[in-house]
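Each of the next two complexes has chain A plus one other chain: chain B in the first, chain C in the second.
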Partner chain A sequence: MKASRNPLAALWWVPRGLVFGLMAFFIFGPLFNLLLWTVAEKWYFPHSLPLEYGFSSWAKVFAPRGGAVESLTNSIVVALLTVVVSLLLAIPAGYALARLKLPLRGLILLAFLIPQAFPNLTVYVNVARIFYEIGLNGTIPGVVMVHVSHGLVYAVWIATAAFSAIDAELEQAARNIGAGAMRTFLDVTLPLAAPGLMASAIFVFLESLDEFTGSYFVGAPDVNMLPLLLYTAGAGGNYQIASITALLLLVPSLVFMLIVERFLKADVLSRVGH
Partner chain B sequence: MSRRLLGLTLVLPALAVIAFLFILPLIMSAVGAFQVDGAFGWGNFEKTFDLYTKDIVFTVVIVSISTVLIGIASIAIGGYLTLGEHPVAVAILRWLYRWPMFIPFIVVGQILRTFLSKNGMMNNVAINLGLLTPIDAVSFLDWRGIVIAFVWKQTPFVALLVAGAMASINRETIDAARNLGASRLRVLIEIVVPQVGTTLTVGLILSFVTMMSVLSVPLMINAQTPTMLTADIAFRVNSYGDYGVANALGLISLLLASSVAWIYLRASLKERS
Partner chain C sequence: MERDGFLELRGVASRYGSTQVLSDIDLSIAKGEFIALLGSSGCGKTTLLRLLAGFISPSSGEVKVRHRDVTHLPPDKRGMALVFQSYALWPHMTVAQNIGYGLKLKGVARAEIASRVSAMQAMLGLEGLEARKPQALSGGQRQRVALGRALAIDPEILLLDEPLSNLDARIRLSVRHELRALQKRLGITAIHVTHDREEAMVMADRIVILNAGRIAQHGSPEEVYNRPASAFVAAFMGAENVLSLNGHPDRHAFMLQAGPANEATTVQLAGRHLLPGAVEARFRPEAAHLFAKEEFLPRRPGVAFRGEVLAVAYPGGHWRHVVRLGDREIMADAPQAFSPGMQVAVHVPAESLFLFNSPAS
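On to the complex of A and B.
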């Protein structure tokens, strides 16, 4: 810490302040702008700030025919179902990948990354065609299945890491005193893996809540979701409604970002993808 | 039941989802790209290059510029977090840079559309500070808007990976170089960056593919021509029901994404041999 004893060191805060200030402006400026739009009653060129503030757009969005209540309900129902289905698939898969001898284990883990590693737009276009043939297009189960395929990488990778972070001797001890394999899994392994599984549930929930492309091709126009409402409101030039919808999508993302470290401990995090 | 068989049975349902909901449609799209009215042929590609050559170039240029900028920004952030000497400044940066990471692309599109427009907040602040006259204010809602949106959203992700890799480098070489009088910038470029090359490339390739797949940002920030391939695919399907050209465009973006991954693989193989 030679620098801090030097009286000139304080001068370093000038460039630092400039750079951090610019960064803060470009990160928080757009977010603050969004907040302003949600409460702007009147705002037009050339005024830098809204002329009138109020909550009439909020009332409009949440009015029975405003569409937001339906979209919000759909989004949450789809996200919760996606979490349930993903975990039902990921818990056995993660346990097997962490504990049992599997041939081609590395390749199996990589397979779940495929939906994130290829440009997925035409895939959704073709999924929509398949779903159309079998009557799943424009239904909630159809959207849930698309979201599951996309979120499964988080569910499986984090579940695998969570199970492999558990000390195998604890399971062995339960087996030694006479517990069956299923009993051991439910009473020992699952509770110990719970924080990691919670983290994977959070990731899958967010991934589903924010997903636009799949919902756009498979869900619209029959299943309205928040990102679709945001898109149509924005395309129609209604920035108040678009901004309120954006805020509804933003808040869970930021809250989860702040709490996810509580569930995703370093011992699990360091095993993700291994 | 043997443990192997049990393991495969437990993994199979999850793998089946990937196979039927991703790999099968991916194959369908590759096959569909060569189908014209039920017969195989190059028709879709001829039409695609006739109509969309400009957009293909535009997409490659936009995504490449964004990838380079994301790389530079994340090296700068990771480098300061690793080599910065003032704990308070490092803590401020650590707190600051992560915010956009979890913000969904569709929200990024919306907030930057209002922020970057001709009478948006960025221009307004510059005008109020006297840096710009109202007549000189221009809208950034063109290719620059897309680049800004991509860099804004993807930098924290790559920076997080890079900073993590930099933190696990052996400190002794860094301290030794510093003691011998090397500047921090030189230490960053000659010692730190070469050691995190793999992590940086993986992060940038993942970002490249993500940017190739994003539909909402080009739709919301710049939907006029030239635009990105994702917007063209959506347009072909929604307006014309033209799955042939849409699939051909999809296959082209797939080839672009995999060629980047291929260049990386070849470079890393050469390095090892």
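On to the complex of A and C.
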């Protein structure tokens, strides 16, 4: 109250404007730069804007020899398979963790974090060695397995939260009225958990889409994925190709994040990890 | 008390961890009877209801329906419909889908379901709400949808878990009578869990009072109200005034000795069994009558006490007095006010004075 009567308070917008301006610059600056690179034909120092604009890089990326189509297909196939496998594991696991009085429940939940607990490089080098021996290296199932081990923590934790947010009495009401255990699960539990499961599927999909280390050690050079293409293009100084690949990775992330934001309700979110 | 035993509980007990929640529950319920399970919170009444519904297995004892043992049957095979205290309506289904779900499970044809659901809606006054989701309903409407969902499957036994406790006080009174009338009309056996004494009295054919996991008394509302079997039941049914007296039985009467507030007198035993020694006397505030002088005392069987008015208040309909009788304070109602400090005589009619042997004797 006191501050609002102070004449200096009118100048309050100056530091606030500066802070918000800087934040916007740090977030949208690089994105804008990326967008410019995707349509830049010629752009070199010291020019602050591209000298020529055009879509020739896009044509290059999507040309049969560009490898982008193959990488994109691989990435999407792997991501979808990872989602399917993760959910098939996470739905029963999450339900059990949410409903049953399991001993060491906290420890089990924590165990899914283990793949994230150690340096990725060490883990995946060893995984690659073992996969090589059993012939899984350089195959789609091999990459999917690596991604599942990585994404399962999201899938299981969110699924557990989604199931425990459902009042057990809603299930009991169905049992009481004549539904068997499986029927109750399909008619009551699953539809009510669907938004949470949808959100966990999206997280797993996005994680898989830009996972690099595992894809590199287990997949390459037989199974090439989008992040790998980005890495090679970026390392080779080909910023147009790198930017277009980055954009391809960015778009699904943004779209799905908006969807997740709609699906993940506070009652589910508050139970994650409990 | 052997009835025709439509629903029978024999020696049912339940424990949760090391806590004994229910013990020695023997109950025989006739077809079409409305039973109220009455008790304070934590007495095991909800556990007993969930045990009947099949969500809890008893640690011992058996439950029989029509002489068929259902003790270990899963909930979906029991044909008992439960109305949850929280209503537990499925938020992703409409009113019609909620009510019709049980019929869908039974494989009833879609057209048949639709007609039975709309008949149920008409019966419960839910017309026009079939497409609504439960979130868009009022508390009273949700309660009726929950009831409709339970009744739609034509259950033999209806279990009610405090279904009125989440309703406004005013609606609750009318729903009591509606629910009772509906149960009578449909001839369903109903078991109603409540902690509300008046609700149990108004609705039930028979009241089962639970205390610490045991049946304290069961009988018709008049029986448990007028002939409580124990001091607990008397207190629970509103006889909260308590006095310590001494006496001994003499054939059909009980001879009360003179105490700090009363003279020696006799009360008919009327079938009660009392041992000589200290007794606990209980009565309701509305059973006591106040008189300004002892000469005005009525010539009817009862016990008179001398006392002093400490306070008076008007809760509506009558004046409520706090009266000191010897070293105890009691409540007594009277149609007119007696001012604090007045010496009064308190008369408790014999039939309203409940005597129990004190636990110490």
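Please note the rule applied: the second predicted complex is superposed on the first by the 266 of 274 C-alpha atoms of A that agree within 3 Å, B and C clash if a C-alpha of one lies under 4 Å from a C-alpha of the other, contacts with A are read in each partner's own complex, and residues count from 1 in each chain.
Going forward, contacts are C-beta pairs under 8 Å (C-beta built on N, C-alpha and C of every residue); 3 or more make two chains touch, one makes a residue touch a chain.
None of these values were measured; they are calculated from a predicted model.
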Overlay on chain A: chain C relative to chain B, clash or fit: fit
Touched partner set for A:Leu51, first chain B, second chain C, both or neither: neither
First, second, both or neither for A:Leu192, with chain B first and chain C second: second
Per-residue touch tally on chain A - higher for chain B or for chain C: B
Which superposed partner A:Ala63 touches (first chain B, second chain C, both, neither): neither
First, second, both or neither for A:Ile259, with chain B first and chain C second: neither
Vertex chain A, arms to chain B and chain C (CA centres, degrees, nearest 10): 100
Chain B versus chain C as contact partner of A:Pro115, first or second or both or neither: first
First, second, both or neither for A:Arg183, with chain B first and chain C second: second
Partner chain in contact with A:Ala174 - chain B first, chain C second, else both or neither: second
Shortest CA-CA distance in Å separating chain B from chain C in the superposed model: 14
Residues on chain C engaged by chain A in the complex (per definition of touch): 53-55, 74-76, 80-82, 84, 86, 88-92, 101-102, 105-106, 149-150, 153
Chain B to chain A touching residues, read off their complex: 3-4, 6-8, 10-11, 13-15, 17-18, 21-26, 28-29, 32, 85-86, 89, 92-93, 96-107, 109-115, 119-122, 124-125, 127-128, 134, 152, 206, 209-210, 212-216, 219-220, 230, 233-234, 237, 243, 246-247, 249-251, 253-254, 257
Chain C-touching residues of chain A, taken from the complex the two chains share: 167, 169-170, 172-181, 183, 187-188, 191-192
Residue ranges of chain A touching chain B (in the complex, touch as defined): 1, 3-4, 9, 12, 16, 20, 23-34, 37, 45-46, 48, 89-90, 92-93, 95-97, 100-103, 108, 111-112, 114-127, 129-130, 145-146, 148-149, 152, 156, 206, 209-210, 212-213, 216-217, 227, 230-231, 234-235, 239, 242-243, 246, 249-250, 253-254, 256-257
